[in-house]
């Protein structure tokens, strides 16, 4: 087993809003090992982005509340207890992040080269010229043609895909140990999506980074991720390795997500599945399982009490009442019933 | 870029031509005899001579072509018909600088203080500093500049005798008019800078900068400031052009011999050649400063610079 | 093959706990508060803004005073009485008297009516011309748009104050020329704003969808464009009225505005300024009214734009 570099324990994040306190992340735990890719999957608003920003302490201080017992251990040190100055030296050098919308994530009035060189200059004691040389190498590494000319251009002269490549160059400029990619391909054309994911995958191997890939698109995850965890309404409802999630998922929500991915080989003319309803209001989160009201197999108990954890393997576990022996299992998908036994 | 400036200049020349023409025909063609008051007492023959001197015996169109020819070939803005021997060029030459000094100094304070206060308020959003600045801004926006000038004049100069009530020449004469001129502008620059900064702080690229490891100071200095100031620069254009308009009232109140002082005088004297000449000069200043701002904006915002340059 | 550890901490007695209920009473769209209509929601948020409500009440009070005040005092605003020149405030003359012995309170009321009247007139003219031309440019596009925008650009490139000065010189100093001159330059902003809004909304998917579904232009304007532009126009109007009152005061102050015997706040302030050193109250009261009126409109305008801002909606 590889070295554990990040350990998130009981992470709870809430926001003060006009309407009350919104509990965006309600106690999640996970580990990340060296070189590993962990995908966090879920609908928008389920707390994926908030958790990843909380790790980097990028949430606005004024209205964010993080539980005192929460811990984010990076090489055993709690990032949540670090001073802002200590965080500054970790952000961008040890842990980096790329964001969803490359159109708005780059400073419109700063040259691309300057934006890449900036993170190198912040974290390392080298001259401007050297930093620029390295920035240029980064731009070549992310396969931007005419890199030298591109260094002196502004973001608006780049296409969406090119901008995301530049974002990747910025994030990786200091060879971080962990890359957090927050929906890195969502805003891009489908053809570009594959290229960017491929590039991220390649660079990850080359630099031996661990990666947290946040996405709502299971299709993106399949080729890159090692482990997947599914989030719903601020909690992790199921986790497992890629094969387990794709072929033997045990939570109805995971099933619903999988069913809503279009399948190229599907020959019958059945319409694409779509999950009814919307995630619950996180200002007054439901008492029981938050997915219960939208779950076609939901039982009375689901709305009263949060289900305990059921372990299926070293890697796969799930919080769902359907795995209780007393559960009503009529019409459950066959491979889910098999997994129960 | 060259093409962009060229196009802008051509447009400005056209605008100026239209303004000049419209001004001339409106003012010169206005009903009433502009020199009736002056020549009323004179014998018929003397009146004729004077009318001939100012070309008033000729049709408006003819006067217009003569005027334009003089303006373009010799830069002659015209001669006063009330005060013999005084020309618009004299006034422009001797008094523009006075107005410009007050205006530019005032504008300098407006922009620098306004931008700083706006930044401070935005970066401390919701804190007491922010509330104090916002209340002051609302109050200052609601007070017309002449009211503010009167209050300053009454207390600082008249009651407490700290500065002269009016007059011109020394450094101490600058204090009241510049302060009166600056206050309203400071308020609006503060207001706009605050909202501009707030919207920039909410942008995604600010999070990118933080994620890179920029300290708070560096984020503000390298990423927030420049982007937040962009929309503010568009405001400087009209302010720059408004410098001379703003001087109308203050120069009268503080008896400062600037352009505005003479312009208002010419208007109330019905000195139409003077009005035409000074109006055209004002128009040149105004249009000119708009061009300067366009170019300035192009330098600060690369999107405009490159996009316009390529076209 | 697979391990299973279900830990039960409590015994569950109710037998129907594990009965399947499925998506019965599905949450999501049907749950949640009754949705308010757009304007009801705007009004609710405006009402919550105490400053804006204060502005609204203060404005109402000012307007009532302007119209009712002279009836109570029973003074004539033009009556000259040399025996009571430059008196300070007293029970007979609430705001004192001016340099000709006229009752200042009555004059402030009468002048205020003129100032507000000019502010409203200019705003109306500005709004009608601006909205019509802006809408025309935005909806028609092409050549019409080009011509209107060129005109706007031209007028926008003119120094506003000088236009006003020249026009009032040419047209003579009357209220008509004042309103004419001020609105002539002001409509450009409204036209640009309305055009920009319409272009932006035209691009939006729901309007394109409405067009694709065969909705007529008239219907699209009434159902989609109007409610969306109206908000911004309302804010513009509330901010314009004090702007015009300000400009009127400014022009009257340099002697280009209202002519005696009529008066306005600007004219009163100008007269008061002559007496500043010895009778400061003659400047103070007209200025106070100007400042208060400006303040009310600003508070209302700020409240409105906050209430209309979709980002602040909740």
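Which chain is which? They are A, B and C, in the order written, and residues in each are numbered from 1.
Quick note on the criterion: a contact is a pair of C-beta atoms (placed from the backbone, for glycine too) under 8 Å apart; a residue touches a chain by one contact, two chains touch by 3 or more.
Just so we're clear, the structure is a prediction, and the values are computed from it rather than from any experiment.
A simple rule picks the central chain: find each chain's mean C-alpha point, then take the one closest to the mean of all protein C-alpha atoms, which gives C.
With every chain reduced to the mean of its CA atoms, the largest distance from subunit B is reached by A. Separation between the centroids of subunit A and subunit C, computed from CA atoms only, is 46 Å.
Between the Cα centres of subunit A and subunit B there is a gap of 54 Å. Inter-chain spacing, taken between the CA centroids of subunit B and subunit C, is 26 Å. Among all residues of subunit B, none touch two or more other chains. Those residues of subunit B that touch subunit C in the shared complex are 12, 15, 18-19, 23, 26-27, 30, 138-139, 141-144, 146-147, 150, 153-154, 158, 241-242, 244-245, 248-249, 252-253, 263-264, 267-268, 270, 275, 279, 282-283, 286-287, 290. Interface residues of subunit C, counted against subunit A in their complex, comprise 1-9, 12, 14, 16-29, 32, 314. Those residues of subunit A that touch subunit B in the complex are listed here as 53, 56, 58, 62, 84-85, 88-93, 96-97, 99, 101, 104-110, 118-119, 122-123, 154, 156-157, 167, 170-171.
Those residues of subunit A whose C-beta lies close enough to touch subunit C in the complex are 17-19, 276-278, 280-281, 293-301, 303-304, 308-313, 321, 323-328, 330, 339-341.
Subunit C makes touch with subunit B in their complex at residues 154, 157-162, 165-167, 169-170, 242, 246, 249-250, 253-256, 269, 273, 276-277, 280, 283, 287, 290-291, 294-295, 298-299.
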